[in-house]
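Have a look at these structures, which come just after this line.
You will see two complexes here that share subunit A, one where it goes with subunit B and one where it goes with subunit C.
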Partner chain A sequence: MSAVIAEHDHHDDDHAHGPEKGLLRWIVTTNHKDIGTLYLVFALTMFFVGGAMAMVIRAELFEPGLQFVEPQFFNSMTTMHALVMVFGAVMPGFVGLANWMIPMMIGAPDMALPRMNNMSFWMLVAGVLLLASTLFMEGGAPASGWTLYPPLVLQTGKALPFAIFSVHLLGISSIMGAINIIATIFNMRAPGMTLMKMPLFVWTWLITAFLLIAVMPVFAGAVTMLLTDKFFETSFFNAAGGGDPVLYQHIFWFFGHPEVYIMILPTFGVASTIIPVFARKPLFGYSSMVYATASIAFLSFIVWAHHMFTVGMPIAGELYFMYATMLIAIPTGVKVFNWTATMWKGSMTFETPMLFSIAFVVLFTLGGFTGLMMSIAPSDFQYHDTYFIVAHFHYTLVPASVFILMAAGYYWLPKWTGHMYNEKIGQLHFWLSAVSVNILFFPQHFLGLAGMPRRIPDYAVQFADWNMISSIGGFIFGASQLLFLYIVIDTVRGGTGEKVSDEVWEDAHKHGLEWTLPSPAPYHTFTTPPTVIPTEHI
Partner chain B sequence: MNNDIKQKNIKLLRTLLLVAVAMFGFGFALVPLYDVLCEITGLNGKVEGSAVKEVVYTVDKDREITVEFMTSLNESAPMVFRSEMKKIKVHPGEYYTVNFYAENLTDKIMVAQAIPSISPGLAAEYFKKTECFCFTEQTFKPREGRTMPVRFVVNPDLPKQYKTITLAYTFFDNTKTQ
Partner chain C sequence: MSSHDTYYIPHKATWPVMATAGLMMFLAGFANYLNHSSIGSPMMMIGFAIFIVMLAGWFTLQATESESGMYSTQVGISFRMGMMWFIFSEVMFFAVFFGSLWYTRNLSVPWLGGEGIGAATKELLWPEFEAHWPTNGPAKLIKGMPTEDGEFEPMGAFGLPLLNTLILLTSGVTCTWAHHGLLAGHREQLIKGLIATVTLGFLFVAFQAFEYHEAYTEMGLTLGSGIYGSTFFMLTGFHGFHVCVGAIILSVVLFRSSKGHFKPENHFAFEAAAWYWHFVDVVWLGLFVFVYLI
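Let's look at the complex of A and B:
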C-alpha cells in the first residue's frame, strides 16, 4: 500500500491530524500517546496522594499510643491508601505504559478503539474522585480495609454507596481498557509481527487484559451485593437472613487473587523488556516466559482461599489451596531464573532503569518467598492478619510493581520527550529508594512474627523499636520519591540538554520497534506498518 | 484504519463485553453454588433450618460426647442471651432438652432471629434438633424475658474422632428490617 492511499484511508479519522490546541486537546484526545500521558500523569499524582496517606499511617505508628489521628480515621487511611494505590496508581500506571508502548511495539498506528480509550480514562478519573470525596462525607471514608469485608463495611456511614459506585466506575473503566488492549493486539499488529515475536510486555498485557475482563465484573457483583444487603434488604452476607459473610470473602478473593497478578504480570513484562537491553543479550527463554505468564494467570483463578486459611475451612480445602498456591512458585521461579540467566555473562551496564530492574528481581523474589511461607496452611495461622503479610505484599508491590514503573519511566522518558534525564539524580533516586524501602518493610516481618496485628493505630510497647525504624524508612522513601517527580519534570523541560538518538540505549533497536522511531516519538507513528520486525528479544 | 479492521475491532468488542457481562452474572451464580457446595460437602457447619422428626435411635451408653453451648449477640443487639448450662455430656442416640434464656432490654417490640452454627463443621450433619427457637423469628414484647428450649440428639453414626461438639447461637436484632 502506498503512502498516498494510506492518507486517503485516514481521511475520516479525526486522529489523522495534529493535536488540538490548548486544554481541549487533553479532554477530547483519542491519540494513544496523549491518553498514555494522561494515564501516567494521573498515576503519578495518585502515587503521591496515596503516599501522603501512607505517611499519615507511618507517623501514627512511629510511637505506641495515639498521637495524631483518631482510630476511625487511621483505619480510613489504611483502606484509602490501598484503594488509591491499587486502582489509582499501579493499575493506571501500567495502562498508561500500555497505551504509549503497545501500538509502538507492534507497529500499529493507534489503539484499536480510540474513542473508548478516551472514555475509559475519564471514567477512571471520575471513579477516583468519587472515592476521594468519601473522605469528606458524614461518617468518614470506608474504614474496613481495602477488602471491604462485611459485616464491618456495612457500618460505613454515608460514604458506602459512593464508595461502591466508585468501584463500579473503576471496574467499567478497566474493563474497557482491557478490551481495547486485546483488540489492539489481536487486530492491529504489523504484518510479520506474529504472536510469538511480540515483546513480552505486550504478551503480559494481553494476558492481564483477559484477567481483568474475567474478574473485575465479579468484584462489581460482590460490591453490588453489599449495596443490596445494606439498602434493599437482601441477605447475601447477612447471617440473620440466611446469608453468610464468609461467602463475601470467597467472591472477593476470586477477584482479589487474580487482581494481585493484574498488578504483577505487566511488571514482569517491563522487566523482561529492560533487562536484555542492558545485559546486551537476547532474553533467555522467551517462549518459557510466555508459557509461565499464561500458567500463572490460569493458576491465579484456583488459589483464592489461601487468603482465608483461618475462616474454618475443612482440612481438605486447606490442603487443596495450600498445594495449589505452592504450584504458583514454579512458573514464578522459571521467570526469576530466566531474568538471572539473561544477565549471566552479559555485558551489563547499570543505568537507572537497569538498577531498578535488578532490585526488582532480588526484592520481588524475597516477597515471593514470604508468599510461599504463607501458603503453608498451618503456618499461615501465625502470619495471617499480622504485619508479616503486610511485609509480604509490600515486597511484591513496592520494590516490584512500583520500582518497575519507575524503571519504565527512566527507560522510555527519552523516547517520549526526546530529552535525556539526569543520570546522577536518577541513580541517587535509585539508591535512596532501594535502601529505604528495606528499612521500611523488612522490620515489618519481625513485627508480624512477634504478633503485631495489621490495621491498628496503637500497639503494645514491645513493638516500639521496629515500628520506629520502619517509620523512619518510610519517611526517607516518601521523600526520595520527590526526586523522581523532579526528574520527570526536568526531563520534560529539556533534561540534560543532550541530543538523544533514535535508539537511545545501545543497540536497543534490535529489541523493540519503538527504538526505530525518532526521539521524541512523533504524534503519529506507524501510519504505514514497519517492514522489519526486531527479534533480539525472542 | 481501514474498514475491515474496524469491523473486526467492533466484533471483538462485542464478544468481550458479553464475556464481561457473563462474568458479572457468574459472581452472582457463586451464591447458590456456594450453598450447594456446602450442602454436598457438609462444610461450613450449616445446620438444618427446620425441625427434624423425632426418630428412635439405639442409645450408645458406652460413648460420651461433650456438647458445649455458646451464645452471642450480633452488633451488640440490646438483649440478654444465655444458656442454662455451659456444657453437657450426652450419649449418642438419646434426646436432651437444654433451656436458653433471652430478654429484650428495650421498651419497644423486638423481632430477633437466632442463627446456629456447629463446629467442627463436619459433625453438623449428625447433630439433629427437633425443637429450637432458631427455626423462626422470635418476637419479644417490651422488656420481655423468655426461656426457650432446644431439644436435640446426636446421631450414633457420629464418627469416632469427634468427642466435643460446640453449638453456637448468635441473636440478630431484626426489628429495623421489618
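Let's look at the complex of A and C:
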C-alpha cells in the first residue's frame, strides 16, 4: 500500500514553465509528455497509412487472378506495409508510451536527455518521410519484402538509396530514443524506487532499449553494404567477388530477430501492468517476469538463423538454431503462466483495456505455438515462405503488440486527458477487432499448410475460399479501427464528460505512481521526487 | 541521489530540429546524387552546411550552460551514460564489418572453393576456383568488373600500418597524460597533451590517405577488388572517418581548454572525447590484427 507524497503542485519560479504557444510548441518541445504525444499521434497516423496498404493487399487477394494492382506495386505494398507498421507504428507507439509513462512511473521530472528526446522524434519523422517518398519514384517503392534481401533488392529503381538512408535515420532515431530511456531509468529514479520495485513496463523497456542499441547499428551496417554493393563496386553479397548473399541474411536476422522482441517486450510490459489492476491482485511472479524478460532478450541474439532453415546451412547450424529457438518457449511460457496466475481467483472486471489484454494473452500464445512448430527445422522446410509464416507473425504482432497498444490507449487516456472514453464504443471496438482479427489471420494457417506462398499477388484457385474469408476479416478489422480513431478524438475533446478521479481505475494507485498524480497529469510532474513508492506488485 | 531538485530540464530546443533537417537534406541529396540527379550535390552541400552550423550552435550552447554551472552531478551522469551507450552502438556497427570479414574469409570463400557443403557450389559455379585469402573472388573482380586474370596486391602490415598503430597508441597515452594534467589542475599539461593527441590523430589520417593513394594507384587494390577490397576499405574507411571525427572533437576540447573551460571535478566533454578516442584506438588494434596482420 502506499501513501505517496507527490509534491507536484510545488512550483518555484524556474520550474513553472508552461508550454510554448501554438505550433512551435510541438517543434521545439523538450517535455516528455509532449514528445510522448507526438510519438503516439504519429504512430496512430502510420497505423492507418500501413493499414491502407494492407487493405490494398487484401483487396488484390480477395479473388484469384489480378484485379486491382500491378504485381510490382503489390510487392511494394507488402514491403511498405511491413516497414511502415514496424518502424512507423508499433515501435514509435511504444516509444510514445515510454516517453509518457516511464518518468511518471519512476518519479522523475522528465527524461534524462530532453533535447535528444526531441531529436529522436524528428529523426523518426525524417526517416519515414524519406521512406514514403519512394512510393512516388521511378521504379516504384522497394518491392523486395521488408527484409530487403539482395540480390533482389538491388534491382529496386531510384528508390533504393532513399530507402537505405531512411533506415539510417530510423536507426539514429531508435538508438537515441533507447539511450535516453536507459539513462532515464538508471539515473532518474526517485529515492526508494529500486530496480526490483520498478513497474514491469519500465523493466521491459530497459531491456528493449538495450536490444535496440545492440541491433539497430547492425541493420544500419547491413544496408550500408547494400548501398556500396550497388553504387561503389563492393561485393559483400556477390559470390563472383567472393562475397555471399546469405551473409546479408545472417546480418539482417541478427538484427531482425531481436527486432521482433523489440516489438513484443514492451507489449509484455504493458500487459503486466494492466492485468493486475483489473484482476485486483498483485502481479504473480514479479521477479520471474523480470528474469524471463532478460532471458528472452539474451536468447533473441542467438537464434537468428531460424529464419534461414531452407537457405542451405550446414547441418550443425540447422540443429543448433532449432534447439536454441525452442528454448525461447520456456521464458515465454513463464510469462503466459504468470499472467494467467495473476487472473486466477482475482476479482476481475472487464473494461476495454482488460478485454484487449486478455485477448492478447490468448492470441499471443497461439502465435507462440506456431512459432514453436516452425522452430522444428524439418517441419519449417514445409512452412517457410508460406502463408503459415504470415499467420504466425501476425498473431504475435496484431492481436499482441497492436492490441496492447490499444489497451494502453484505453488504460492511460483518462490519465493523459482527464476525460473518460466511451466504454460502450470501446467494447464494441474490442469485440469487432477480436473477432475479425481471427477471421483475418486464422485461415492463413490453412493456406500456408496447403502451400500458398507469401508475397504473391495471384494464386491457384484451390486457395480461393480461405483467401476470400481472410479478406473479409481484413476489411472488418480495418473498418473497426476507425472506431478507435473516433474514441481517441472524442476522449481528447471531453469524452463522456464524466470527471475522472486521480486513480481512474479502482485502487490503481496501489499499482503505479502515475495514478497518484492528478488527471490530466500536469505539464511538469515530480519536480521534487515522491518519497513513498507503491509496493503492491511485489 | 540527492540533487534531484536541481535537475536541469531545458525548455525549448531549436538545434535538434535543425540537426534533423540538415541530415535529412544531406541524405536526400546524396540519394539524388547516386541516382545521377543534378540537384543531388547542391542539396548535399546545403544539408551539410546546416548540419555544421547546428553542431557549432548546439555545442556552444552546451558549453555555455556547462560553464555557467547549470548541470548538476546527476545531469552529468546522464550525459556520461548517453556517451557510453552511444559508443556501445558504434561497437556494434563495427562488429558487423568484422563479422562479415570473418564470415567470408572462413566460411563463404572456402565454400566457393568446394569445402564442406559448398561442393556442389564449386562444381556448378566456378569449378576452377581455389579458395585463398586475400581474394577478389572467382570472377577476379577488378574495379568491380570480372576479368580473366585480374590481380591486386594486398596491403602488408609492416610499414605504414605498423607506424600508424604506434601513432594511435601514442595518442592514447598523450590523451591520458592530458587528462592527468586536467585532474591535477595543470592546464599547460592539459593543453600540450591535447595538442599532441590531435596532431597524432591527423597524422594518422594523413598516412592513411597516403596508403589509400598507393592502393589505388600502385597496387590495383580498390573497393572493387572483390571481397578483400570491400572488407579492407569499408573497415579501414569507417575507422578512418571515426578518427577524423574524434580528432575534430578533441580539437574542440582543445579550443575550450585554451579558453579556460573544464574543472578537475567537472569536465564531461573532455571525458566523452577521451572515451571516444580510446574506442577508436581499440578498433584500430582489431583492424591491425584481423585486416592487416593475419
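As a convention for this text, the second predicted complex is superposed on the first by the 522 of 538 C-alpha atoms of A that agree within 3 Å, B and C clash if a C-alpha of one lies under 4 Å from a C-alpha of the other, contacts with A are read in each partner's own complex, and residues count from 1 in each chain.
Basically, a residue touches a chain if its C-beta (ideal position, glycine included) is under 8 Å from a C-beta of that chain, and two chains touch if they have at least 3 such contacts.
Computed from a predicted model, the values in this text were never measured in an experiment.
When the two complexes are overlaid on their common chain A, residue A:187 makes contact with subunit B and with subunit C alike. Within the superposed three-chain arrangement, the count of touched residues of subunit A is higher for C, of the candidates subunit B and subunit C. With both structures placed on the common chain, the touch criterion links A:123 to subunit C but leaves subunit B unconnected.
After overlaying the two complexes on the shared chain, residue contacts for A:20 are found with subunit C alone; subunit B is out of touch. Touch criterion met: A:218 reaches subunit B and subunit C at once. Once chain A of one complex is fitted onto chain A of the other, the partner contacts of A:151 are limited to subunit B, with no touch recorded for subunit C. Under the contact criterion defined above, the residues of subunit A that touch both subunit B in one complex and subunit C in the other are 109-110, 112-113, 116, 175, 178-179, 182-183, 186-188, 213-218, 220-222, 225, 233, 236, 238-242, 244, 246-247, 250-251, 312-314. Looking at the complex, you find that subunit A touches subunit C at residues 17, 20, 27-30, 109-110, 112-116, 118-119, 122-123, 125-126, 129-130, 133, 158, 161-162, 164-165, 168-169, 172, 175, 178-180, 182-184, 186-191, 213-218, 220-222, 224-225, 227-228, 231-236, 238-244, 246-247, 250-251, 312-314, 524, 527-529. Here subunit B touches subunit A in the complex through residues 1-2, 5, 8-9, 12-13, 16-17, 19-21, 23-28, 30-31, 34, 41, 43-45, 49, 74-75, 113, 115, 119, 121-122, 170, 172, 174, 177, going by the rule given at the top.
Those residues of subunit A that touch subunit B in the complex are listed here as 9-10, 13, 109-110, 112-113, 116, 151, 155, 175, 178-179, 182-183, 186-188, 213-222, 225, 233, 236, 238-242, 244, 246-247, 250-251, 254, 312-314, 317.
Of all residues in subunit C, those touching subunit A in their complex are 1, 4-5, 7, 9-17, 19-21, 23-24, 27-28, 30-31, 34-35, 74, 77-79, 81-82, 85-86, 88-90, 92-93, 95-97, 99-100, 103-104, 107-109, 111-112, 116-117, 125, 135-139, 141, 143-144, 146, 222-224, 226-231, 233-234.
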